[in-house]
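Structure first, then comments.
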């Protein structure tokens, strides 16, 4: 193995640059040439490669976003696009590829590997944490931190006005972000796609909280909990309780910002390990961290299996927000 | 003057607690008794008073929200509610009242003063900065800071994906927050209620920016710019340009959080001055700061006159975001 | 078990309040009475108890410090002080005690338990992370985050001036904070008490970095690395290299501030578990988290055994800062 | 005027990049060529120039430090060095020069202008705010913000342990930073070079505070208040009171970090105005802002006259920290 490529793909996540830095520096120290691929799978298909060296990744550790830029590129779901990518990879003489991304990235990488026998590994990175094969994904801790900072601010407002706030966080299919942000934010209710939403029971609990002396409450709602998200939930509660409600949708601020130390360290570990594994002949696998150990999971498994939400934390959040 | 009351009213703003601290401590040092009124004009009408001392305001300088709680209380627009308030004030033996708030607060205070001859002053505080009689209101600098932090994060995402982002900030009637956040955030476009929004020209400028090499752009939209806010604008631009657009509505996070040093100092100055002015016999006036000097403005003028947007900053923002 | 006490002791750490909240709420929900002990072991000896309820811990999750206050109280090393404490515990009718703290707290708790058979558990909390029986202590993640924020700022200055900065972080005996902050901060060198400091080799590496194109460098120094800390190291490097050096000692800012989500969640888990364990009859043990599972460790073991520094992260930091 | 140069010099300050962006973009829009000078006066003497365009300053508004790098270059105090600089300026065909910096920069610029008739203006930028001819300098608001964040953290620790903290902030000759940080931080005492330090009176006031119920106190000490700074003061107070004291020196973190919105806007205004003034034929002057208006002050006056500390804020800080 003499030359490898690296790309970031899908929704960007804080820590992608830290992971890129680890990949470029580890590979350089081990004597490999590294090419950065611009704009993820789209750039791969178009052969947008640029050489990277030790100094190309100086001073990027703490930057949000990705200096390689990313893209959502549905065309990569077609065999045709992947053939073009494989062609470009061969032309550039790349002996392997490391992709940094989440579910969609893993799916694209899996098919590219299976169809074209390109040695490829994926470093688990998405703010949603919805990836089997790792306890946490790169970017998740930062997104939780951003959401909790927002919740802390909103608590000031809710407390000043005795209001019930519905705060929508990202998570179309999974509720990890809502769960962690809600627990750390000391929120009264956490509504997840994984759990049924019972408006009557929810309204009852909020009214009970009032009776116990709570003058304001925060309900965290995962984007994908119900159609319409936090707006729907707030309206249903308002109808049932007559309480004054407010809605805030955190939106894209959850994707940006400087990565937390935890994300930088996770990114550094996964990026470093990915290079070592690639050199050691591993391929078609996701690089993640489980119980603090670096773990490889076949990409097929990573994209097909379901990572369960932490039921203990979910129970705990309700117990502690009494 | 032996005993005064203090209240916070309307939308809460970071720095209200710092202003309250200044009022309570200045009054205590000058030998006055101070009563805090809970929940603004609502609590005033209900006689919800509590004595405050030097130590009652310990450790609150850096807290967002307001420890006295606030309220929106439209009933105070009626003479009846104000009569009840005047009655409660007399019963409690208050010789004067200081209200911390914005436009609505000033309006309520003005009528209470005019009808019942209660010596009353208002400390200018609202995140919107839309109050005549002061260059800046308490809370504005913090709201700008929160909005700019959000814009900085969103820039990471916009840059990673070559997107155009429409970021909606608060400001139903006035665009101060949009203007300052947009200029400090280095945003390409700032859409204000004070300026007409021309979708064709806007779309053209965004396309021109692309041609000059800009790969991503941020458009700040004041809530009250057009009906539907940022969503409307984004859709109109998408139709005209075919560019990929994203919308984020910052919402209530702009009201909370620890106040900036600038807001804490402004709050301290205005609160301190209000007590001195009240003792000196001033009443029916807004306490503000103009060109770094403490200035009194009759409440009637403060609520009737219009503070112009900074045209020079508006021009500057366009020149610098080339 | 009907009534328990809870205290925070030793150096305060962000997250202690979140842990306290978890203990009070869990205990209340399970039908226990809870007494807060003011000022740690000192207050325990003096019988400074106050009843706590569900609402006593409202709105404290995000606060740094500890609302119970803490103390360093060397007199608790004497059997006499512990006898007084045991006496006060019996007088107050406490059936158990949960202490939140680090090494010194665990030592005091161990002796109190051994000598007086008071059912006692300790929740692991110190910014130093130097406690056997848990992967991470409550407060460590926040301290790392604060240190990395400071390092990020200093990098701006170092880069603008082509300087070598020596940043001293807390850690008299152990280098966990230096290691994690240095790795996440992308620092060139990390000097730990656990590793010998060779000034010649260090100076050589810094000069080599210059030759490879690095224009500025950051050296993180654990307080206890060498006598004199960062000042000593900087002077030795200056003498050997002639390079311009600067020193910053981060100091007590590392102890304060709002806890990170990770610390809040860890604190919530440990506090909740401690109550359950106490009810289940466990005592004389440290409550920690290892590989994401809650784990009990006999206090004797916790205070006598040595937690090894993460050698893999130490190696990684050097590899990645090439 | 066809071609101008721009440099950053002396201690770097957050907002220098925002000022540079304003200069480059304004000049480009007005049809001027712009050359960036690397490393301040040092690079000027060595002719280290690089052409800058609209896109050269993309995405730098929010970055701390300075992308042009800065330097402290005492040799520029010699006429010889300035002659070399003048020679390089003529060789590069620069018709004017804008320097971004503080006192030392203004001094160098003044002599260069006087001796060699180079049209030169200075944009006022230093974290110390010790420059006559402007209410505030670029970078001061950010430094105050950083210091207040640190003070907020330290308050957590002080409150948890009933300690007296001495926090040293930058300011070798002037106390602006100490004054603003101390007032905004709600500190009990502020020690400035401009005011005599009376250890007996200080100790007495701290003891009085205890008697009034204060359990912890923060004393802000400007670096240049007394020889030895905060360490000296703390020791003198400890000797007189026997109270437990702690010292923290904030150091270089005060120079770095992303600039506040206020600093970004000030920087944008001054940079923009400097270009316009240069085109209009102004030279040998400092560009500052007084009472919200852009103001020119002859450099001679700027470096010779003394800006007074805000006595009203100093009095206010003592009144409010009762």
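Order of writing sets the labels: A, B, C and D. Residues in every chain begin at 1.
Assume a contact is a pair of C-beta atoms (placed from the backbone, for glycine too) under 8 Å apart; a residue touches a chain by one contact, two chains touch by 3 or more.
Everything numeric here is computed off the predicted structure, so don't read it as measured data.
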Fewest hops from subunit B to subunit D - one hop per pair of touching chains: 1
Shortest chain-hopping distance from subunit A out to subunit D: 2
Between subunit D and subunit C, distance of the C-alpha-averaged centres to the nearest whole Å: 35
Centre distance in Å when subunit A and subunit C are each reduced to the mean of their C-alpha atoms: 29
Inter-centroid spacing, subunit C versus subunit B (mean Cα positions, whole Å): 40
Residues of subunit A engaged with two or more neighbouring chains: 152, 155, 159
Touching chain combinations (by label order): A-B, A-C, B-D, C-D
Subunit A residues within the subunit C interface of the complex: 21-22, 25-26, 28-29, 54-55, 58-59, 61-62, 135, 141, 144-145, 148, 152, 155, 159, 180-181, 183-186, 212-214, 258, 260-262, 264-265, 268-269, 272, 291-292, 313, 316, 319-320, 322
Sites on subunit A touched by subunit B in the complex: 8, 12, 14, 39, 63-66, 69-72, 146, 150, 152-157, 159-162, 165, 246-253, 255-257
